[in-house]
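Some structures are shown below for you to check.
Look for chain A in each of the two complexes below; its partner is chain B in the first and chain C in the second.
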Partner chain A sequence: MNNSLSQKTTGMFRFIGLGFLEAPINLIQGKETKKNLSLILKKIVAPLVSFIFFIGVWQTGSQYLYNKEADYRIEKARQEQGDEAALLMKNCIQSGDVSCQPNTLPSPAQVKVSFFKLLEDHRLISQDKKAFKEKTAALNAQRKSEGKSIITYTGRPSFVDQIITSIKTVFAGFLLAIFIAVPIGIIIGLSETLRDSFNWLIQIFKPVSPVVWLLLVFMIVKTLTKDSDSDSSFIISFISVGLCSMWATLVNTTMGVSTVDQDFINVAKVLRLGSFQKIFKVILPSSLPLIFTGLRITLSVAWMVLIAIELLAQSPGLGSFVWEEFQNGANDSNSKIIVAMFIIGIIGFLLDRIMLAVQNVVSFNKNAGN
Partner chain B sequence: MAYLELKNIYKSYGSAQQKHQVLQNINLEINEGEFVAIVGFSGSGKTTLVNLISGLQKQSSGNLLFKGLPINGTSHERGIIFQNYSLLPWLSVYQNVWIAVKETFPNKSKKELDELVKHYLDMVNLSPASSKRPKELSGGMKQRVAVARTLAMDPEMIIMDEPLGALDALTRGNLQDEILGIWEKNKKTALLITNDVDEGIYMADRIIPLLPGPNATLGPEFKIDIPRPRDKTALNDNPVFKSLRNEIIEFLMEIGNDNNIASDDRYDLPDAEPKDLRSEFQSKLTL
Partner chain C sequence: MKFKLLTICLIALNLSFYSCGEKEAKKIAETKPSGSENTSATKLLEVEKPQLTFGFIKLTDMAPLAIAKEKGFFEDEGLFVSVEAQSNWKNILDRVIDGQLDGSHMLAGQPIAAGAGFGRQAELVTPFSMDLNGNGITVSNDVWAKMKPHIPSDTDGKPIHPIKAESLKPVIDSYKSSGKAFKMGMVFPVSTHNYEIRYWLASAGIHPGMYTRDNIQGQINAEVLLSVTPPPQMPATLEAGTIYGYCVGEPWNQQAVFKGIGVPITTNYDIWKNNPEKVFVMTKKFVEENPNTAIAVTKALIRAGKWLDTPGNREEAVKILSMPQYVGADEVVLANSMTGTFEFEKGDKRSMPDFNVFYRYNATYPFYSDGVWFLTQMRRWGQIPESKPTDWYDSKIKEIYRPDIWKKAASILVEEGHIPMTDIPETDGYKPETTDFIDGKNFDGKKPIAYINSFKIGNKD
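== the complex of A and B ==
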């Protein structure tokens, strides 16, 4: 009983991509000590060493850039204002005064500080929001009964809010991509004539850059939403994300549907399945693995272009967070940008893991039927 | 009038310039209730012939008549058992048979269909595996599912395209008996395509060799006058079986040889004397 339970847990771990935790768990349970020790060395110690190496390179690099920038500042002060000013500048830099800090690649420690600062900021804003909600609750209820629009919190969004907005946008874009690419891919895949007639369109639009898609969507949405005064930046960014990322799914779905194993087609013919049955019982199941490979690429592309699109469209989210921090130029802006970079990377990684798990569930062994 | 009739069938692939003739001048008549085997080398166009009869492909010229009517596409009246099983891997064993009977008998109730599926799975001894996926089955079990799927559609004629070719000898023997048993019970017309002469003689009433392609055509037929049920072990000592087998194999070999004689070049091998190493090894062994 206990054994089957632990087997289930390790299976779960492997499924969600935490397979490296298997070895220490087994070790704690006292199973196969020697094998698990070497597994720990390989799966945990080695990545840890490379992580430390990474931090080391980063630290050294940022130290070098910091010194270079500081030297430049002192030298500039000397040339423009004389030796005294240079000395003042040197002392100022050494004292750690915010006003004269060299602005360059932040060190790991600075990034860590910024990370916790951002969390603290989020806590403060959440408190503020909650207080605002409590304060306006009665008023809003009254306004609602009177048929007026309710008062909403319009303060600055926190870093966590930006992350959530970004994830919402990417999922909206991803869903849009699914709803456009999968049905069209199936229809095009089924007919060679349609494939031939739409191939040029796919081939030409596939390599178009996210920036251009954004501008195109902007042109259209701007005109369509002329009458309403609602904020269209979310609509613009999620549609752009969907249009940029859907091509992988479209191409893969088309390919999956058009290259169903001849054996399966023969079975469908011999059983004399109707076209509805043939599509849903034979063609779609057999192309599911390829469709999901396409969806996985689509989601990762969607996340990648999202940041660029938010950055340009000025719609809220991680992209605009990065852009605002860059424009802001405060002395911790650079480290906040690096924090955002890591968050973007980690979320992208997690999204990919989720899709991989889904893909593993739906795909079957292709040669199993033969 | 014969049950299945092939008259002057030609089949070629490719364009007019690069024509690849696969079958030529195929003439065949099969009567109702008969078990006919076609034997031939691999690559001689056997599968093309099966595809034509089942309606998966169309002949280039000639007439294909089933019960007096030209064959136009597939039909539930002609069931086919494929060489590579062709089960749908995303469906369970039960569902693989279910999808076939549901299509064949759209008017039957769910309960009747369920009974039908269970009956045929039982017939091929696969009831315990009915919820398994094809990838969990052995080759023999997969082919039994394919047999059940075809039989469950209750076809009037069963076409088998090297159904047992990929199986080991033991499973093969068992399945041969199972298929024969089912055929004898229902007295359906059966066409077996095989590359195994013994299998053909054991199972069929008539054997017709398919001469190797390109331009494959049917050879003279061999009637098998061995009373049924045939006993596989006793068959090996049966003089009719032995002479038939020799005749067919000789015939096929001769055709094969005719095709293979491409060059009369002679190669002289070096005249080497083997060296006697015994004394050397003996001295080593004594060490």
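== the complex of A and C ==
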């Protein structure tokens, strides 16, 4: 029984894309020591080594850039104001004074500090939010009884809030992409004539840059939401994300539907299935692996274009966080940007794993798409 | 497609409900006094719209907004205000006109241009002038090195200020002879910066280029090509070599010194002493629908301006502005210009007590004459393509500048004891004529045509 349970857990780990945890679990349970040790070496130690290597390269790189910029500043001070100023500049840089710090690629340590600073910041903002809620509770109760809209928090969103907003935007955009691309893909996939007639459209719109989509959506939504006080930036950004990212799903769905094995179609014919039944029982299931490959690409594209779109649409989220920090140009801005970069990367990776897991659940062919 | 339509329908539905509710609420508000408790000495107005969103660009002159929020002046008026950084001036203008922002920190020229026929047209009003001065012109290190031999210096070997554009002329000529166009950045076609850098260049006989009805690039006959770059990106654009200099507000001139990528050479205090810089703008529609809210906002902003010019408060202001949601630059950078000094070349820090004025000299009062100056410059450079009669200037500016709102707000503040009676100027809205310009020209807001005709470069009427 114990054995079947462990098999289940390892199966699940593999399922959600954490297959590398299988080996240490087996090892702890004392199974196939030699094989599992080599697996650990391959799946855990090697990535760890590469991680340390990465940090090392980053550290030396940032150190090199720091020194280069510092030397340049000292040299410039010497040329323009003499040796005394150069010495002053040197001392100033060594003392860690903010006013003369070289502004370049931050080191891993600086990024770590910024990360914790952002978490601390989130804690403070949450407290502030709570205080605001208490402060306005009486007023809001009164406004509610008078039928007015309630007063909402007026402070800025924290880093964590912005991550959540970004995920919401991507998710809404992704759903939009599914609702547009999958049905259209199936319809186009079923008929060669339609495929031929719409191909040009897909080929032309597919490579259009996110910025242009945003402007297009902006033009339309702006007119539609005219004379309203609502903030349309969320609507604009999620629709743009959806439109940018749906093409992979559309193309893959079309391809999946059009390349269904002729045998299956023949079977459907023999069984005299209706067209709806044919689509849902035969065509859709057998094209699912390709559709899901498309959806995975769509999700990663959605996450990728999000930053550019949020930045332009002024929609709160990671994109505007990165942009604001870039504009701030403060001493710790660069390291905050790098923190955001890692967060974006990690979330993108997790989203992809989730899609992989879903794909494994719904598709027949368990090996596809990995 | 279906989904999209559905969303739009849902939104539309929501909105119609929402706006009905709003009207209902207004009626109630008119009949019932607001019962919320108020601890400070302020007289609470019947505010029609307590939840507001204001926009700003990351510049130190947005300070009145940050201070009014952080010091609780907005809340004293029963206002709950969010302030949001925006990416550029065009965006701000669009969002205010479209109603996504209830009001905003704006370039003084923006509401004027929107009313006078250049760029997007809308009815905007200015009840509050945010500050005086606060801009600078910065050039790249390379240009500075080539300029320096042409600048007269004092006995200590330091350059004599104000530095005039004459010393830039040889550099432009040398760029021209090597076949390169001399490019400089400013922040917006109707920004103070555009008019200031043009004024500065033209006062030395350098042609900054003209606008016409069909060509709104503003580069016709230009010896210096001026182009638009959003303020916070100026240092980066200069560093990348896309432009050789720029005119921008703080902290982006000081940032250039700190990062060692450029040298500020002059400030707009030297170009026009105590010139108006940013204004607070709302739409005419908003002010008409929410008259008390407009007065309450102006009250809070006047208090913030006064707080900023109260000696000893600037250090705290710098701390507030350096928060990432406001300007976000390092405190040392902000402190440089906000605390009465301005650093030109690295190490050449000079005292400039009037570099950022938020309250003194009636800085918050929206003077018609200040607005007229912008109209004259728009005409001079061709943004207003046709000749206008003198009374057009007067009637146009009275549509946009609204000292009546300011006066109402200020007189309530006097009643409450927040400001003395003497802080309300006795004026018809026109400042007395002045020659406080870098070229010593005489400006009288009541004689705009004569002023326009007094320039060597530019349109004449």
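Heads up, the rule we're going with is that the second predicted complex is superposed on the first by the 364 of 370 C-alpha atoms of A that agree within 3 Å, B and C clash if a C-alpha of one lies under 4 Å from a C-alpha of the other, contacts with A are read in each partner's own complex, and residues count from 1 in each chain.
Note that in this section a contact is a pair of C-beta atoms (placed from the backbone, for glycine too) under 8 Å apart; a residue touches a chain by one contact, two chains touch by 3 or more.
This is a predicted model, so every value here is computed, not measured.
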First (chain B), second (chain C), both or neither touched by A:S95: neither
Partner chain(s) touched by A:T223 [first = chain B, second = chain C, both, neither]: neither
Touched partner set for A:S149, first chain B, second chain C, both or neither: second
Residues of chain A touched, compared between chain B and chain C (which is higher): C
Touching partner for A:T193 - first (chain B), second (chain C), both, neither: neither
Partner chain in contact with A:N266 - chain B first, chain C second, else both or neither: first
Residues on chain A lying within both footprints (that of chain B and that of chain C): none
Residues on chain B engaged by chain A in the complex (per definition of touch): 54-56, 73-76, 79-80, 82, 84-91, 99-100, 103-104, 133-135, 142, 153
Contact footprint of chain C on chain A as seen in their complex: 72-73, 76-77, 80-81, 85, 98-100, 103, 136, 138-139, 142, 146-149, 151-152, 154-156, 175-176, 179-180, 222, 224-233, 235, 239, 311-312, 314, 323-331, 333
Residues of chain A defined as touching chain B within the complex: 263-264, 266-267, 269-274, 277, 281-282, 285-286, 288, 364-366, 368-370
Contact set on chain C toward chain A in their complex: 1-4, 7-8, 11-12, 14-15, 18-19, 21-22, 24-25, 28-29, 32, 35-37, 50-51, 53, 58, 69, 80-82, 84-87, 91, 95, 98-100, 232-233, 235, 255, 258-260, 322, 324-325, 327-333, 345-347
